[in-house]
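Next up: some structures, all given as structure tokens.
Both of the next two complexes hold chain A, though its partner changes from chain B to chain C.
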Partner chain A sequence: MSLVSVQGLFVVYEPQGALPVPAVRNVSFDLEQGDFVGLVGESGSGKSTLGFALTGLSKPPARVSAGSILFDGVDIAGMTPAQLRVQRHGGFAMVLQSGMNALNPVRSIRDHFFDIFTAHGHVSKRDREARAIELVGKVELPASVLDRFSGELSGGMRQRVSIALALSLEPRLMVFDEPTTALDVLVQHAVMDTIRELQKSEKFTAVLISHDLGMVLEVTERVMVMHDGLVVEDALAAEILAAPQHPYTRMLLSHYGDPRAAVVEVPGLAARGGDRATDVAVAAAGNAPVTVTGDTLDTLEPVAAPAAPPASTVRRREGRAAREAIVVTNVSKIYQRPSRGEEPVCAVNNVSFTLEPGASMALVGASGSGKSTIAKLITGVERPTSGSITFGDLQIDTIKRRQLKRLHTEVQMVFQDPYAALNPLHTVEYILTRPILNFSRLRGRDARARVLELLETVGLTPVEQFAARLPHQLSGGQRQRVVIARALASDPQVIIADEPVSMLDVSLRAGVLALLDSLRETWGVSMLYITHDLLSARLVTDQIMVLNSGAVVEEGRTADVLQNPQDEYTIRLLEAIPHPTVGGLVQS
Partner chain B sequence: MRYTLSKVGLLLLTLWAAVTLNFLLPRLMPGSPADAAIAKLAQNGPVSPSTRAAIEAQLGVPTGSAWDQYLQYLNNVVHFDFGVSYTFFPQSVASLVATALPWTLVLVGFVTIVAFIFGTLLGVLAAWKRGSWLDTLPTVGGTFASAFPYFWTALLLLFFLGYVAGWFPTSGAYSSSATPDFSVAFLLDALYHSILPATTILITSLGGWILGMRSTMINTLGDDYVTFAEANGLHPRTVAIRYAARNAILPNLTSFGLALGGVVGGSLLVERVFNYPGVGYLLYTAVVNQDFPLMQALFLIITISVLLANFIVDILYGILDPRTRR
Partner chain C sequence: MTPTRTIIPPTSIVKTMSPGDHAGTANPLRVLWRAFATIWSVPKARIGVAMLGVFVLVAIFAPLLAPYAATDNSFGRSEDMSAAHWLGTTAAGQDVLSQLIYGARVSVFVGFVAGLLSTIIAVLIGLSWGYLRGFAGEVINFIVNLFLVIPALPLMIVIAAYLQNGGIGMIVLVVVITGWAWGARVLRSQTQSLRSRDFVTAAIFSGESPSRIVFREILPNMTSLIVGSFFGASTAAILAEAGLEFLGLGDSTTVSWGTMLFWAQNSNALLTGQWVLLFAPGLCISLLATSMSLINFGVDGLSNPRLREGAKR
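Right after this comes the complex of A and B.
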């Protein structure tokens, strides 16, 4: 008998005063003891809803409306909360997406373990300390962690603790809901390794829910792909890799690539020739001054960017292509800790680079590497502790309040989280009109015309309809396009994009990246692209700088650096990227 | 430990600043108490120099340098010597305050704490049983009751339960025939007199605590650690109290500190309505009679009580929230 047998499962969301929305539709599958199964889908596919239903955690407004979930032969879909609670010891456990917040901030880690032991009574008072130490040992944490509170632990440690807590239930089924998504790249890799080893040694059945098909394919044996509440494909990982059946699976797969490959491309984003020794996009834009940032100036083949509007509809800026370089010289930023006695943090350590007009440069590194601090320094939000930053004749490191407006006319940011970057109370038109009024002399009808022009530029057509919408009526990708349009409103020379696609679904990423890339080609703006995602860096940038603990460890042309990384840190970053078949996906 | 010490240091520093300000303010104001008294007399005709001298002698005119006065003042404050009240001459200000303070602290302070505890518990229950009658009743009732102005609730209670029904005394803290001591009879009498004012405070402040706790509790119930605790099969009561309520109460502690600090200063209205012999009533008398020494001492007491209440809440935070200890 299968450990878990799901038959014809439907889960609906029934918000008060709104129509019920089906989230999981007619899903059936079996899980055998010791299986390691991946559950993949984009946001809204119903994968987390299914995970919550599997562990008996569906809460209003979500409701299992039909079907059964047999766990060891018993239907848990119809159980009362009290019956379910007893089942949790030796039954099913869940590790939540944001393990960062899964721990009670006012209880010590030890208390968390003891609470579980008390609730189920499966560990006696005498043994519980030893058992807790054993459990944290299994996730490679020292016993001293038991005395700590969650606020004193790093994100990776917290996620390990919640895995240990789930493990303390001695579960036969463990559901991991995006267990590493909120973590730093390198930590992600390590936590995933721990999960894999635990699954082997403890022999529980595991379901790994993730949006990242690449990771799931690498880790699990069998993969279920969810789309719009349906399981559209359920096959062995190797089969999915070799011959994906469903178009949706094929689409997801096509967005993976190995940044180390000689040629890297995804649908909507053509390869930047790995051997091309130049990155002069401005030349393609026409009458802009020709600037060379690489060693030689070759003729560029125009890069096709299907997701962007056709070039003819975009009004090219006459003579407004980027003219000035951002020159960063020996910049350091040291943050003093608020309380005395703690060492000051050196966020940026003696960094120098030049962002040539029209160039695109990637700034990559794990979190805490100082890449976002550099963005703050360049936009004048923070002052460097030492060193100088110039943009044309503007001295940014000592910029006066009055000059900030001029700087922000020329240098604009695209933020990471499109959900937080737009005021939910204002229409798209209002959001875009504000910077136009602030930064240009356009008023009234001209300003409105400019709004529509911007929307067209970022591919939000029909423009009139989009102008009237509120942010919550837009998808994540559409919102990010509005954010980009807003950044373009002042007609800037430089765009600083801080992880612009990390919050977006894989299928939307390529479109936004292609848009950014095409802006550079057609408008001649320079771009500083900040990311931890080496694949996207490879796709849209020509130059790359790898940051570790605030210092540049490696720099050069993106294709060269990623194909032949020299620094150990770069190599580790590259290795942390899931590679189901090293390079195999890229060719498909 | 370091956290507590730093809070004690902060308390001492603010105390000193408050005392010093209390010293400076009257001296920065134009005129003097004597001038005020003379100006009043001058409305009825010219004031002779001898009258002026008499008034100044009675009220006392500061002598010595400002620094000497300051040291003298600090010395007096340390010894609780705030001079003599004008209104209740020749009683000392210190003795007046000492008589009034316990009434206020016991009545208003006790009821404020009870309201906080009771309201918080009801709020926890309302959020935990969201949508049931345990939620609707306290929420709607609390909103309704706290929407009444304080004095109006007091007048309603006085009128119906005091005059019409005659169940409760309508003024004072104890029967005019009783003498304050610690006998059981007197304490019962005082308790009987405190029921109406206490009920008024409870009715008007309970709703705020219920609503405040309910909304923070609903937020924490949506937090991941609550879901995770449920996923781990903890007992529902453990989840509600140790996980959700324990965190939800933290932001409400700040409001509790403000309420506690307002006990001494904010008791004026209720004590005036019920003729309750507490600090608020004393302050009212002092202001009406331009009793400067009494006022000054009361302002100091009010400031100190606010500081102490905040100090207590800071320490509570340190105990309840490990994040503040660092």
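Right after this comes the complex of A and C.
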């Protein structure tokens, strides 16, 4: 008999004062003891809802409305909380995405383990300490973490602790809900390895919920793809990789590529190889030293559009291509710790580069590498400790508040989180009208015409309808387009995009990236693209700088650096990317 | 400036989002209407709204409801309850029920005006305090801490004693001076948390001025907190007004629940067996304060949907 048998499961959300929304529709599957199954889908596909239902954690307004979840022959869908609590010992456990924030900050890690031992009484008082040490050992942590508090541990360590806590009841089913999404790229890889090892050695049944099909294919044996509440494909990982049946699976798969390949292609974006006109142009200019502070404006013409531009709504802007370069010279930024005795943090260490007009440069690195700090320094939000940053005649490192507005007419920013970057109470039209009123002389009818033009530029049509919407009426991708439109409203020369697609679903990423790419090529804006995602960097940029703890470790043409990385850190970043199509098969 | 919003009848608000509707911001009326619906959906708050509504109606229509004029002292003194005087008469020969009904006017008026004024001051100071950094913030910090640290009642008594018998205006002033600091502190911390949000940074990139960022970007996101602090301030104002008048620091010739208590105490109403004289205004004061507190249960649901009652099914 299967360990878990789900039959015709329906889960609905019944919010107060709104129509019920089905989140999981007619899902049936079986899990055998020791299976490692991936559950993949984009946001809103119902994958987490299903995970919560599997572990008896469905909370109002979610409700299991039909079907059964047999765990070891017992239906858990209809259990009371008290019955469920008993079931959890030797039953099922869940590790959450924010599991690392689930630790109580005023209690030591040891207390967390002892709480569980006390609640279930399955470990005698004498054995507690040994058992706790054994558990943290399983997730590759030293016994000394038991004395620590969650605030003293890094994100990866906290997530390991929460996995160990979930293990403490010897569950036969573990559900991992995006266990590594909130972690840094390099740490993600290590935690995922731990999970894989654990699953092999402990032989529990594991369900790995993730939006990242690449990672799931790499670590699991069987994959279920969810779309719109339905399981659209359920097959072995190798089968999905070799012959995906459902068009949705194929679409998801098509968005993976190897940034190291000679030619990288993703649907909706022009292929990036070594033979493109743009690459040649940049390569020619790129041979000159890039870090010099001298005025190299003449050496690089605004990048010419490719012979056959992709179908885009972006119109060429007349005579407004970027003219000035951002020149960063020997910039360092040191943050003083608020408490005495601690070493100051050097976020940016002696970085120099020039962002040529019309060029696109990627700034890549893991979190804490100082890439976002550089964005803050360039936009005048923070001031460097030493070094100089200039844009045209503006000295950004010592900029006055009054000049800041002038800087922002030319240098604009696209934010990482489209859900936080738009005021939830303002309509799209208001959001776009404000920079137009502040930065241009357009008023009234003209300003409105400009708003509609911007919306058309970013592909939000019909424009009249989108202008009247509030942010919550837009999807993530549409919001990010509004954020981009706002950045364009002042008609800037430079756009700084800080992880513009990291919060978006895979299928939406290509669209936003294509928009940014065509903006650069047809509008002639320069772009500084900040990311940890090397694939997207490869797709939209010509030059790349790799940052490690504030210092530049490698730079050059994107294609060259990624195909032929020299620095060990770059190689590690490249290896952390899941390669379902290439590396996954090699590794497994 | 802070928008002091007035409540508009719902009929003009029920309007769906049409594609052609291009208002600059989310219609504040619609936001208010939704806020009211949320408050109404909480049973406790519904009771509070009903109670408050009764008090407001009584205050407005006092001349129609009261059987006699409030200052008419032509009746027998210290009479017991009777058909002519449901709650008896005072030691000065006034009808207690009429006084009670007229007294609602002062309490409701002071509650709303003093609550509103101290909320406005709290909003202005709290928001700019939360947004400013550096020296200016430190100065405001010092002033607010000063007001928070001085015990409110003694301060009120001292100020009221200086402004001898100034009437209701004086009481409103005293309540406002002593009542804004707490709200300012709460609003400041919320402002500080909102100012680090991306949309505020984005507004700076859009070239917005600091005052516009504070009042158009940040303020609308704390409506529920402001409404909550208004009801809190009103409750405090009603209690403070009654307290000051009971101590004889107000104008003892006005008719209010506080002065009724004052006179009842002066005429030893309890010793003469006229407990209603103390009980009735006391009950009214506590009911009015209770209604405000009950409404605040609903306001909690506004700011945090998880606190909405009935969410647990």
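The rule is simple: the second predicted complex is superposed on the first by the 540 of 588 C-alpha atoms of A that agree within 3 Å, B and C clash if a C-alpha of one lies under 4 Å from a C-alpha of the other, contacts with A are read in each partner's own complex, and residues count from 1 in each chain.
As a convention for this text, contacts are C-beta pairs under 8 Å (C-beta built on N, C-alpha and C of every residue); 3 or more make two chains touch, one makes a residue touch a chain.
Keep in mind that this is a model prediction, so the values were computed, not measured.
Partners chain B and chain C clash in the overlay (superposition on chain A). After overlaying the two complexes on the shared chain, residue contacts for A:57 are found with chain B alone; chain C is out of touch. With both structures placed on the common chain, the touch criterion links A:116 to chain B but leaves chain C unconnected.
Contact with chain B, but none with chain C, is seen for A:103 once the two complexes are overlaid on the shared chain.
Residue contacts after overlaying the shared chain place A:483 against chain C, while chain B stays out of touching range.
Contact with neither chain B nor chain C is seen for A:73 once the two complexes are overlaid on the shared chain. When the shared chain is aligned, chain B comes close enough to touch A:169, but chain C does not.
Put simply, more of the residues of chain A are touched by C, taking chain B and chain C as the two choices. When both complexes are overlaid on chain A, the residue A:85 reaches chain B alone and has no touch with chain C. In the superposed pair of complexes, A:93 makes contact with chain B only, with no contact to chain C. Within the superposed three-chain model, A:465 lies in touch with chain C and out of touch with chain B [touch as defined at top].
Aligning on the C-alpha atoms of chain A brings chain C into conflict with chain B at a single listed stretch, 273-281, out of 21-29, 57-65, 183-191 or 273-281. When the two complexes are laid over each other on chain A, chain A has no residue in contact with both chain B and chain C.
Note for the complex: chain A touches chain B at residues 55, 57, 81, 84-89, 93-94, 96, 98, 101-108, 115-116, 118-120, 149, 151-152, 162, 165-166, 168-169, 339.
Those residues of chain C lying in contact with chain A across their complex are 17-26, 31, 41, 197-199, 201-208, 217, 220-221, 308, 310-313. Touching chain A in their complex are the following residues of chain B: 223-225, 227-236, 238, 242-243, 246-247, 250, 320-323, 326. Residues 14, 16-17, 60-61, 379, 381, 404-405, 408-409, 412-413, 415-417, 420-427, 429-430, 433-435, 438-439, 448, 462, 464-465, 467-468, 470, 473, 483, 486-487, 489-490 of chain A touch chain C in their complex.
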